[in-house]
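In the two assemblies presented below, chain A is common to both, partnered first by chain B and then by chain C.
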Partner chain A sequence: MRRNPPQKPADYLPIAFPAAMLALFFVVPFGIMVAISVFKRVQGGFYEPAFTLDNYARFLTPFFGEVLMFSLALAAIVSVVCLLIGVPFTYLLTRIGRRYQVLWLITLLAVLSLSEVIIGFAWSTLLSRTAGLSNFLVFLSIMDKPEAWTPGFGAVMTGLVYQAFPYTVLVLYPAFSRLDPSLMEAARTLGSSPLRAFWNVVLPIMRKTLLATFIIVFIFALGAYLLPQILGRPQHWTLSVLVTDQAIYQSNMPFAAAMAVFLVLSSLFLVGLSILVSEKKGIGTP
Partner chain B sequence: MKNPAAKLFFAVIGLFMMLPVIVIAGVALNAKKTLVFPPQGLSADWYLSVVTDPAWRSALLNSLMVAAAASAISVAIALPLSWFLWRRVAPWARAVQMIGFAPFILPPVITALGALSFWATTGFYGQPWTVIISHGIFFVSLPLVTITLGFATIDRDILEAGMTMGADDKTLLKTVIFPLIRPYVISGFAFAFVLSLNEYIVAYMTVGFTLETIPIKVFNALRYGYTPTMAAVSVVFILLAVLVFGLVARFGDLPKLMGAWSRGEGT
Partner chain C sequence: MSGLQLVDITKRYGAVTAVDGISLEIEDGAFVCLLGPSGCGKTTLLRMIAGLEDPSAGDISLQGARINDMPAHKRNLGMVFQSLALFPHLTIGENIAYPLKIRGNSRADCEARVRDLLDMVQLPGIENRSTAQLSGGQRQRVAIARALAVSPQLFLLDEPLSALDAKLREAMQVELRQLQQRLGITTIVVTHDQREAMSMSDKIVVMSNGKVEQMAAPIEAYKKPASPFVADFLGQANLIRVQKAESGAALSGGRVPGLSLGPRNEALISIRPEDVVIKGGGEGPLPADVVFIREMGATVEVHLDAGADRIIALAPPKRDGGLKVGARVSIDLPADACVVFDSREAV
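Let's turn to the complex of A and B:
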């Protein structure tokens, strides 16, 4: 069957419902949020129509600057760590038998779909003094007495890497599974060790994929809203946590909306960048 | 894999992925209401309390109901959209597809805050059904990806053959196209279902104070201290995810769904 342009009005029917739903429940809410971002806050948790840029002016405060810098740095570190572990892992994963690949994919998908609430709770238990890993180290006589490792920066990092690692692997998976195995064979035949061949052949081919994945995982990590709250102290809060906090607990919807708009613009900028990076060759094709 | 270093690497990653699960599965076995590991005294009571305790049971039912209805909406949006994109030449329709992907790519707080603004403005804030619609929109991208992939696997020659035999669009849709993409529709539904079950922030900003889903209840419980039931329910949720993805893998081609080319295809 050939594809052809819609001709009769009835041809447009299939897309009418999806377009209407997405417009009404995503585009309109988004528009309302942008509108609220220039509204004025009134005491008591409400806001009134106005046009003020005060909410955006708050971005210039040192407090906001610190949160922004911390969020960006945290997301960048998480993304780098995930790639450092995820790239060799995904490469090896696509080279094992299909049956084991399926088992790993199920595991990764199950961890990826886990609620941030559950991940946060699980890691806060795992890093706690009474039920945590340090008890095991005491048992092995490596440590004298159990310690609490949460809340803290290390705990936030661990939780975020745990959450973003499956995502990283699944983003890398298509490109690595389409990598031509004969390239490696050629490198091996010419006398490269597997490690050298991976470093000199595979990584350079994957350069664009890696850069695009870095950006995608960076945005993913920027979106974490609960882990910094559960596993960290207030100084470890990110922009996403701050948006939730302002909207719900401080009842300052206009400021929350302004920050959300800022977050959208920075994410879109990054998405655009990642598309530009992988333009000539799509993410999927190494 | 023959390389022992690679084996060790996989074992370490496997342990990292499983460790939180092992520990919370263990603490939920404690006989008393304490957060210790290894568990002291074994008891399955906390696991049973997920269904016997009325509050947890109702949260579980809420979550299951929201997830089922929301993923049905996601599929109802994604299926005609991907069909249209596959059947028609209409470059502008790509924009609709991009909007479908947007909630999944952008940080989740944005969708959540948008939903909160929308439901508060329209006066429906707090109504239990609002979370179903908002989740339905939030997770459209998953069936959209799987079903688009499904359409891409259809050999257009088969349809030419059907048309030559005199079948019209409707007959082709029912007898040829739908049976071919059914596994992709089901896996799209399954992905949306599991993610909706686990979703916290959109649910919290739409019905956080009126309807308790499991993630909302676990978070509330976490704020006021520890109850072993929350560990037990977390384990149940992990097993549920493994079960659903296991079924998808059993009846479909999981590596292909994740973007790998199947054997013999491609390079």
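Let's turn to the complex of A and C:
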């Protein structure tokens, strides 16, 4: 059904409530945050109204530059790993019987119901020296003695990938299940081995979905706050952790606000990018 | 041994037998249609020939070599899918060049071959268009060109024309047949459209419930159907139960003189509507009442009740108005136009 674009002010009525909620709980707090981010910190106190870009200038210090780069790189690596596991997984999932598909999807949804805290502590136990998986490998004589895998970069990655993987599959699943299986079969009858056909037919057709999934997981991982603290060392802390650190422990609200504004803007930028990508339809049409 | 040979091919999905012990021989250069109602196993059979499904039992051989275990991408065949399966991320030229690139042909060779193929399907110069810019008939031709790009040993088509409108379908049938004759390529088409099968192929294979009912030249299968199923599926047929009678066979409402039922006491006969002869006047071996008349343009379809049997006749239209509903006529079922089956053979 095609609707007419709104003509009178009254036509906008249905979206008045959501718009009000969005203004009240997002635009207003964000505005306050933007305001605070240009305020001046009072040493030993709180902050006072001013207009200064000093808080933003601090991004340029090597320490915060490093944290920023680390956060972006971590989010990118988590997205890539999720896609590397998620794409073959989802493709194979859509080729099996309907009943098994449902079972797998329910299992993945169940992971979403776990709180981040539980995931964090479960992995910190699983990767610990005293009670972790390495003990099992010792039992299998694969390792000599148990090792502590946490805290560390690998542990942070494991936790984040574990948490983001269900989202990855849920975003990929609809597109893969709509993919006409005869495209793969056609490629095979034309001389492509199944692996090659997956590479030069399925992946190119799916490239928009892959990009959209990358962006969604990237934003998700960029906001990671709890897992880097539970599973990582201070050098593995992300921008979100620093925001908390500055706001609560260092009482530097203006600088914390500046970092938060930066995070929100970069997320919005990526969401905008993904909308732009998904709106370009009709491959090859001018 | 040349050509394609299927020996006792069976395909089971759990408890369901989709293809049930089919043996066939298809000569090189033949145009064969696999014809049957939906669910008869014809597509499954084609997919096994293509290597997209593994047979549960039996052997498939091409030019004397068993190809059961050869994966689809090594079989060197061209297949046109019902959905056409053109790659949406590639241009027309790239679609057709896909099998050539896979085989490592140079860019210049690919481009030259694509041009030849597009000329062959009468769509020159559309290399750079996207698949979304083509009409149904054009997409059809591109799919055919792509399947023939590497001069395959076998050309397989799964309901290739089902998405086209009636007029375009007729035109494509002629074109496909001419193309096949020019290239001399062994071609197997799956269709449920008996007109399509009859008009295109050298041989038709009529299938039902996973079995072959008859393999014959189209006109032979039409004139001498091997079973009541074939008689009914290919065109229209009157299937009538008859008993043995003195010098012929007896229907519920009359007789067919001179029709021999062989050793049978009871039989099922099949006669085509165009072979039924209607005579004026109610006297004769088989009197009947006209109950319905349908003008078809080139012919008139007349429904007649002869005793308990409903018989359909096709006649050329008479200028004077001809028959009227309710008229009493006499009909003649020429013995040489009747095909006799055992009466227990169900349709």
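Following the convention adopted for this analysis, the second predicted complex is superposed on the first by the 260 of 286 C-alpha atoms of A that agree within 3 Å, B and C clash if a C-alpha of one lies under 4 Å from a C-alpha of the other, contacts with A are read in each partner's own complex, and residues count from 1 in each chain.
Note that a contact is a pair of C-beta atoms (placed from the backbone, for glycine too) under 8 Å apart; a residue touches a chain by one contact, two chains touch by 3 or more.
Everything numeric here is computed off the predicted structure, so don't read it as measured data.
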(request) With the two complexes superposed on chain A, say which partner A:Asn135 touches: chain B (first), chain C (second), both, or neither. (result) first
(message) Which partner chains sit in contact with A:Asp180 here, chain B, chain C, both or neither? Use first/second/both/neither.
(response) both
(request) Please tell me which partner, chain B or chain C, touches more residues of chain A. (result) B
(message) Quick one: is A:Pro5 in contact with chain B, with chain C, with both, or with neither? Answer first, second, both or neither.
(response) first
(request) Tell me which partner A:Ile205 touches in the superposition: chain B (first), chain C (second), both or neither. (result) second
(request) Have a look at where A:Ile219 lands relative to chain B and chain C in the superposition and call it first, second, both or neither. (result) first
(message) Looking at A:Val264 after the superposition, I want to know if it touches chain B, chain C, both of them or none. Which is it: first, second, both, neither?
(response) first
(message) Tell me the contact category for A:Lys145 with respect to chain B and chain C: first, second, both or neither.
(response) neither
(message) With both complexes overlaid on chain A, does A:Met253 touch chain B (first), chain C (second), both or neither?
(response) first
(request) Find the residues of chain A that appear in the contact set with chain B and again in the contact set with chain C. (result) 180, 194, 284
(message) For the complex, give me every residue of chain B touching chain A.
(response) 1, 3, 6, 9-10, 13-14, 16-21, 23-24, 27, 34-37, 73, 76-78, 80-81, 83-84, 86-90, 93, 96, 99-100, 102-103, 105-118, 121, 133-134, 136-137, 140, 156, 159-160, 163, 172, 191, 194-195, 198-201, 204-205, 208, 214-215, 218-219, 222, 230-231, 234, 237-238, 241-242, 245-246, 249, 254-255, 258-261, 263, 266-267
(message) For a test of understanding, state which residues of chain C touch chain A in their complex under the given definition.
(response) 50-52, 71-79, 81-83, 85, 87-89, 91, 98-99, 102-103, 130, 132-133, 146-147, 149-150, 156
(message) Taking the touch rule as given, give the residues of chain A at its contact with chain C in the complex, in rising order.
(response) 180, 182-183, 185-194, 196-197, 201, 204-205, 207, 282-285
(message) Taking the touch rule as given, give the residues of chain A at its contact with chain B in the complex, in rising order.
(response) 1-6, 11, 14-15, 17-19, 21-23, 25-30, 32-33, 36, 85, 88-89, 92, 94-96, 98, 101-102, 105-111, 113-123, 125-126, 128, 130-133, 135, 162, 165-166, 170, 173-174, 177-178, 180, 194, 216, 219, 222-223, 225-226, 230, 240, 243-244, 247-248, 253, 256-257, 260, 263-264, 267-268, 271, 284
